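This report concerns only the one structure given below.
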Amino acid sequence: MTFEPRITAFVCNWCTYAGADLTGTSRLSYAPNIRIVKLPCTGRIDPLFVLKAFEGGADAVLISGCHPGDCHYASGNYHARRRWSLFRKLLAFTGIDENRVFFSWVSAAEGQKFANLVNKVTEQVRAAGPFGERNLARRRL
Amino acid sequence: MSGAIGAMRADAAKLLSEGAVKLVLGYCVRGNERYPCFISEAAQAEALDFDQSCRQNLAAYLRKPEVRGRAPLAVVSSPAVCRSLLVLSSESQIRENEVRALAIGPKGYGGILGLGALGAWLKADYPDLVPEQALLDRVAELSAKTAQERAKFWMKEFEKCTRCYACRAACPGCYCERCIVEKNMPQWISSAAAGHGNYAWEVIRAFHQAGRCTGCGACEAACPQGLPLMLLNARLSQDAFEEFGSRPGYELEAKPLIGSWSAEDDGSFIR
Amino acid sequence: MKLLDRSKSTDFAAALAAAGYRVAAPVSDGGLVRIKEWAPGAEIAASEMPLNSMKDFLFPRTEVIGRWTLEGDGFASQDVRPDAPKTAVLFAKPCDAAALAVLDAVFNWDCKDCFYNAKRDAAAVAVLACGSADEHCFCTSVGGSPGEAHGADLLFRPADGGLRMIVEPLTAKGKALADAAGSALSEGQAQADPIARPAERFDPGKASAWLASNFESPLWKELSLPCLGCGACAYACPACHCFDIQDEGSRSESVRCRNWDSCGFGLFTLHAGGHNPRADQSARWRQRMMHKFSYFPQRFGRLACTGCGRCARLCQAGMDIARACARISPRENA
Amino acid sequence: MKACGYYPGCSLAGGGVELDLSIREVSKAAGVDLREIEDWNCCGATAAHCLNHDLAVALPYRVLSLAEEQGLAEVLAPCAACFSRLKGTNLRLARSAELAGRVRAVVGRPYGGGVKIVNVNEFCGRLAAGGLKDKLSKPLGLKVAGYYGCLLSRGEGIVEGEDPENPSAMDAVIRAAGCEPVSWNFSTECCGGGFSMSKTEAVVELSAAVLADARAAGADLVVTGCPMCHSNLDMRQRSMGSEGRGMPVLYLSELLGLACGLKPEALGLNRHFTDAGPIASPLSVRGERRPSECGASRNTSTPGGR
Amino acid sequence: MRRFPKYVNAGRALMARIGVFICHCGENIGRTVDCPAAAAEAAKLPGVVLSLDYKYMCSDPGQQMINKAIAEKLLTGAVVAACSPRMHERTFRSAAAQAGLNPYLLEMANVREHCSWVHSERAAATAKANDLIRVMVEKVRRNKALFPIRVPVEPTALVVGGGIAGIQAALDIAAGGGKVVLVERSPSIGGHMARLSETFPTLDCSQCILTPRMVEAASHPDIRLMTYSEVEAVEGFVGSFEVTVRRKARYVDPEKCTGCGDCFNKCPLKKIPSEFDAGLGSRRAIYVPFPQAVPNKPVIDAANCTMLTKGKCGLCAKVCARGAIDYKDQDRLEKVKAGAVVLAAGFELWDHSAYGEYGGGRLKDVIDGFAFERLASASGPTGGEIRRPSDGSEPKTVVFIQCCGSRDDKKGKGYCSKICCMYTAKHAMLYRHKVHDGRAVVFYMDVRAAGKGYEEFVRRAIEADGAEYVRGRVSRVYRRRDGKLVVKGADTLVGRPMTVEADLVVLADAMVPRRGAEKLAQLFGVGCDTDGFYSEAHPKLRPVETAAAGVFLAGACQAPKDIPDSVAQASAAAAKALGLFAKPELEREPVIARVNKNLCVHCRACINACPYGAAKDFEIKDRAGKLLRVVAEVNEGLCQGCGTCAAVCRSNSVDLDGFSDEQVCAQIAALE
């Protein structure tokens, strides 16, 4: 059986969620490996949400929100950007590298970009293989 | 150094005898070890000592109600402790009239300094407190390895953690009333001393110090299991400095690194 | 007499492993010595005081004691059996072995704790008498001795200036260990080395008596001032046995864990409603002293401290239970 | 300022020789040691960037690299075009590491970017305020129109500290020479520049308008720092109507030299097409100048001949 | 009055009873997702007591199905697996509310836009649909009943700025039954419009149409004017702002003053340039800015009055029969309560001294549009005769240069100021009407005359009034000895440079935000664009609102606008304010953050991070009023629910209703 990556996505309500809606209304297709968890804003995403996703066995996590300057809440995405720019390096330093955590800005108008993004991420994770044993954050009890 | 220590003892005695402070937090020597000690009478000031082996960060005591209840306090403060005091001040944990520093470091004794004066002392004598080169070399060495090798390294290290939280106790930045490891509904971080819980604890503990860690090394020194916690802290401090110019603990009032932003922040990692 | 050449320590471990034992021994690990599961190639540091006590093998820091899975609209309980392989603990410290009596008592006084007992029953403990002691050792102050082997199944006595050990099986389990060792042991004669003699620093009886009538002493606040409230002392202690039960798991499975806990933590006695009867660190530190030297003796007739000194040895804040006892019950001629 | 690097460039060896002479004279008077860059080459002038953008950077790059190698932290480029090319190259190299790498590979020399380029206005300003301060013994008492043209007034990051529409760097020098800077409208108008040869009639018209406005503003003479401007304003007067003729055009450094009492011929005053005599009359240059001879020989010489 | 519908099991249910409703959306979902199989799968989930699928869940029968299930099965939560919640969440939540289930206990699983429409393989799509439904069931199990946040509304609007936009907004709000406080920083309302001579495209007299409105505003019983006043501080939020207004010292008691004018006729300081007349005329140290000022009561200019600066003079006090002059007057701070705010801070003209080529502001006869308006105005310094400032002569050639500072991102502003084409045409026209033998030359880049009657107006200026329109830029303006302004430019249509010898040059300077506008915006939590104009909440759909709830925009503070556009936007802002006032209370989405004050250690991370200033210090005191500790608190009225505070809180003492840690973690765990 081929490896089907499990990708958990945390997206903001106003841009990326709407962008993903547009992908749907435009009937663009993409890999069915992604599961979206909707939050009001990327600023809401706690670093622990990402660890929780890995704890539950996700092969990768995608975080996506509004482009800089477009945040519905004015600056949530800027807060998120600073937080993730450091946290992703800490993750990489502890062994969870850039094949496992992805970041993107997708606006409500970028349906095609969302489809491409999901496809690219899915491909990259598929190539990287199952996280499984290498996943330090995986629940083992 | 002995002159510096004498001056520091004299100042401590003076503050106590004048009633300017009720308690002096300092270090004493017992055998080969350096331990925190608490002086409440001028006559005891002779017990105070200081050298580079004093790794405990006395600023951590400022979260103890038993200690805070005896304010005004004076704290024997190495440069790292001074920085911690400033971080605590910028996070509204301590106030000017509550705590004074008996500032002392490799370049000598800086006198009795209020929080407002610490920044100037640090900037003059210790403007570039960065992690030691040996530590940075270890960080670089580990960073140069593959993700898989790093994962293996940390899995082995984190496995040792017993979750005694000595690191948390030793760190002045860990002053939360309720630590996230104590948060349930939902269980925020698994409390079992195993795999994912240990990983989440170590990583989140380090991340909570992003832009706040002053590099004192007390956490690593306190860890009974010898975990290389400073590797995490140093790497984060390095990233925070390189990306955002973060130098915590040099200003009395500073915006938190995580919790502020700039339109110029790096976004190249975002697709 | 049966002898073990110190150089054959690993052979002994290997022989036991070959005989089906899980072997636990003090092993040097990156400059630190831990009692951990021995694996071929690991260097045994027989006479070192390890960071941890052998408690880890009988009462591990985290132990799964229950498991449920989601089935249909309900949960099904899974059978969780104690993970208790036949274990040989080599070169344990006399103070660690002495602590077994504390653990035995607490895990058996009302219900019999199957997880502890299974491991206890499956473990054979071989103690190495101490030829040296450091400034933190105080077994002699709490009724112990570096040369005794209470609770152990086999005693090694250092001999010939540390080159050999005289092997004395004390129980059937101990004899089985010696038998399984095969050629690692030899027959011969050796001169036993002198045993360490750490100073007696306080009188435990007086300490207990003082504690019983000084719950409200102002001394608690003073003594506890340096304590920052971590669990390092309790976790290193061979006799501490407090634990917390936590359920965690996923959508489809729930796991019940027993994790170590420490009376030094604020959370330890925090009530659901927010009240904490031990509101500050002095109350928590007092509890630790009281438990070891007053409450436990009252209930079980023995101290819950065996004088290993680990707590003081690793405490960054300089908290020292023996110094505290000496403060409240100085020996008259000490 | 005791020593300063010196990049004369081609025009100072040719058509702009008076600028070279006067710069060297006033520097000497001020005690400044001009150290000419050894083995310098053409800056590329207006020609290079029309042909090849990399070449337009590579030529000044070599000059800058030599200067750096020869330990010259600061280089005076009196010719306005040379100044613009050299300083513009510094700017471009700083903005693009990629370009810097490419040019470095082509030229085959390193350059760290550490050579500061100074123009004639800045240089004279410094001398006037520095080494010549006590030597400006001959206040000239003239009304002077400071003419900047394009290259000494414009270029973001190149000409610094100037309002491109209302530059003022020359004012202090003019005042130091005991003269009064006039307020006029054409200080930054175009003289016609490089169309001198190809479209002479346009240059004559434009330059005449500049001179006429200077005259209307009451100027006794025009000073400039640019050899191109100088040649247009000075040499083309003969083709102009009366509105343009007879207006002496000096280099700023010449004005400074005169105010120091240096000999007019040493400064090159006798080499101009338009008689500078009235200016230097007390020093009587008039008799030593032979316009027809000079004119003939100079018409055949082309700038940038090295 | 019953404030909340009586919900069944409104609080957290001890035992979840969740209904799952899966929509086929005709074929839209059903074609790709096996809906009956998904329903069967959902039925197995813990807590799910009912799982149905139906052709069109959003149809009446579909909604009936949900209603019936809620009532009969006593549901504690519902998941509708259908289209995007952006499509129908409101529909289904109202349906749930009708049936007695708190609407926030219903969630939608997006199995159409995020599943059936983007995947084609049936098994994979069905598996994903199962996951999405499970995620939502796990969330709903932890949803709390939420109730819209109700804020009492103070039916008073604070209008900042007394120009035409502010006046219009004030009049419309007052006409609609609201009360208005109109704050204006200068001594009179009227703004720039009062300075205009005539207005395009009708050429009706500006004062004639404006002054009645000014008087109406001043005399309206529900409008309170606060002139010579500025906003100092703002507290509170939509529905109940509390605004501190600085009432600057006038030194003239408006109650006593009759506006007789004795004081300013006697004031010996006559040469103070009049701001109103763009410096072309002068005023005294005690003055009314212009004769039709409202209120028509003078103020003393403290910077120039010698009595106030040196303690010498006192003439005005001597001549004032009413004793209205008070040299000891001081600034006062006054608090105003308001439910809504209209910002009409207006604009000013860009300072053209950056254009050195046009004289850099040094040439007296190079003037801006306002100066020309004052020259052309019958009430202006020249009595409506066009005279050039330098020598008072009548200019025979006037050059108008458009886009001075506009459409020039190098020296000026990148944007088009929108009104300059029109007012330049008007100026050319007025000039030609007044100076029949005069020549009006207009240099333009493009003529942008989009508006009712605008293009016709420009054509009239060119064809009927003979304005010479030259397409091209002016490269230089300089003054010749003889006083002529030489304008050198290019006519790009014929491709030739051209020179005009003019007597007067009028620059159509760009419109820029008022100085200090940014500070005002900060006080109200309103954003500014890069040029400093106020940011609207959405450029298309919410052009009058701002990111700060209850703060609306009117006029040129938002972007360059002409009078009709400003008035239209002012009326729109008034409608928005009146809409707020229509109900005694305001309902807001209850997705807001909350601080657990027991856990908060007051590190102030959330307070620093909150983009709305909603997180604030909160002092916990005992009964005796002794301060125990300080913690953070979230102001319900200001919080917009982004959750940034929750993510920056290290101790997780802040949580977000509707997206709580517990809910999100359950969703993540449901994907395991």
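We just call them A, B, C, D and E in the order they show up, numbering each chain from 1.
Note that a contact is a pair of C-beta atoms (placed from the backbone, for glycine too) under 8 Å apart; a residue touches a chain by one contact, two chains touch by 3 or more.
Just so we're clear, the structure is a prediction, and the values are computed from it rather than from any experiment.
**Student:** Just tell me the minimum hop count from chain B to chain E, counting one hop per pair of touching chains.
**Tutor:** 1
**Student:** Could you quickly compare A-B and C-E and let me know which has more C-beta contacts?
**Tutor:** A-B
**Student:** In angstrom, rounded to a whole number, how far apart do the mean CA points of chain A and chain C lie?
**Tutor:** Roughly 46 Å, centre to centre.
**Student:** Whole-Å distance, chain B centre to chain D centre, using C-alpha means?
**Tutor:** Roughly 62 Å, centre to centre.
**Student:** I'd like to verify one number: the distance from the centre of chain C to the centre of chain D, where each centre is the average of its C-alpha atoms, in whole angstrom.
**Tutor:** 90
**Student:** With chain centres defined as C-alpha means, what is the inter-centre distance between chain D and chain E in Å?
**Tutor:** Distance between chain centres, rounded to whole Å: 54 Å.
**Student:** If a residue has to touch 2 or more other chains to count, which residues of chain A qualify?
**Tutor:** 47, 56, 75, 79, 83, 139, 141 - these are the residues of chain A that touch more than one other chain.
**Student:** Using the touch definition from the top, which residues of chain E touch two or more other chains?
**Tutor:** Touching at least two other chains: 598, 609, 648, 652, 661, 665, 669, 672.
**Student:** Which residue numbers or ranges of chain B touch two or more of the other chains?
**Tutor:** Answer for chain B, listing residues that touch two or more other chains: 180, 188, 190, 192, 194, 258-260.
**Student:** Name the touching chain pairs, please: which are they?
**Tutor:** Chain-chain contacts present: A-B, A-C, A-E, B-C, B-E, C-E, D-E.
**Student:** Which chain A residues qualify as touching chain B in the complex?
**Tutor:** For chain A paired with chain B, touching residues are 47-48, 51, 54-55, 68-69, 75, 78-79, 81-99, 102-105, 117, 120, 134, 136-141.
**Student:** Chain A touches which residues of chain B in the complex?
**Tutor:** The contact residues of chain B facing chain A are 142-143, 147-148, 150-155, 158, 180, 188-190, 192, 194-196, 199-200, 202-204, 206-207, 210, 232, 235-236, 239-240, 243-244, 257-263, 265-267, 269-271.
**Student:** With touch defined as at the start, can you tell me which chain E residues reach chain B in the complex?
**Tutor:** That would be residues 598-606, 608-609, 630, 648, 650-653, 661-662, 665-666 of chain E.
**Student:** Any idea which chain C residues touch chain A in the complex?
**Tutor:** Residue list for chain C touching chain A: 62, 64, 248-250, 255, 257.
**Student:** Across the complex, what residues on chain A touch chain E?
**Tutor:** Listed in rising order, the residues are 6, 8, 17-18, 20-21, 23-25, 27-30, 32, 35-37, 39-41, 43-47, 49, 52-53, 56-58, 71-76, 79-80, 83, 115.
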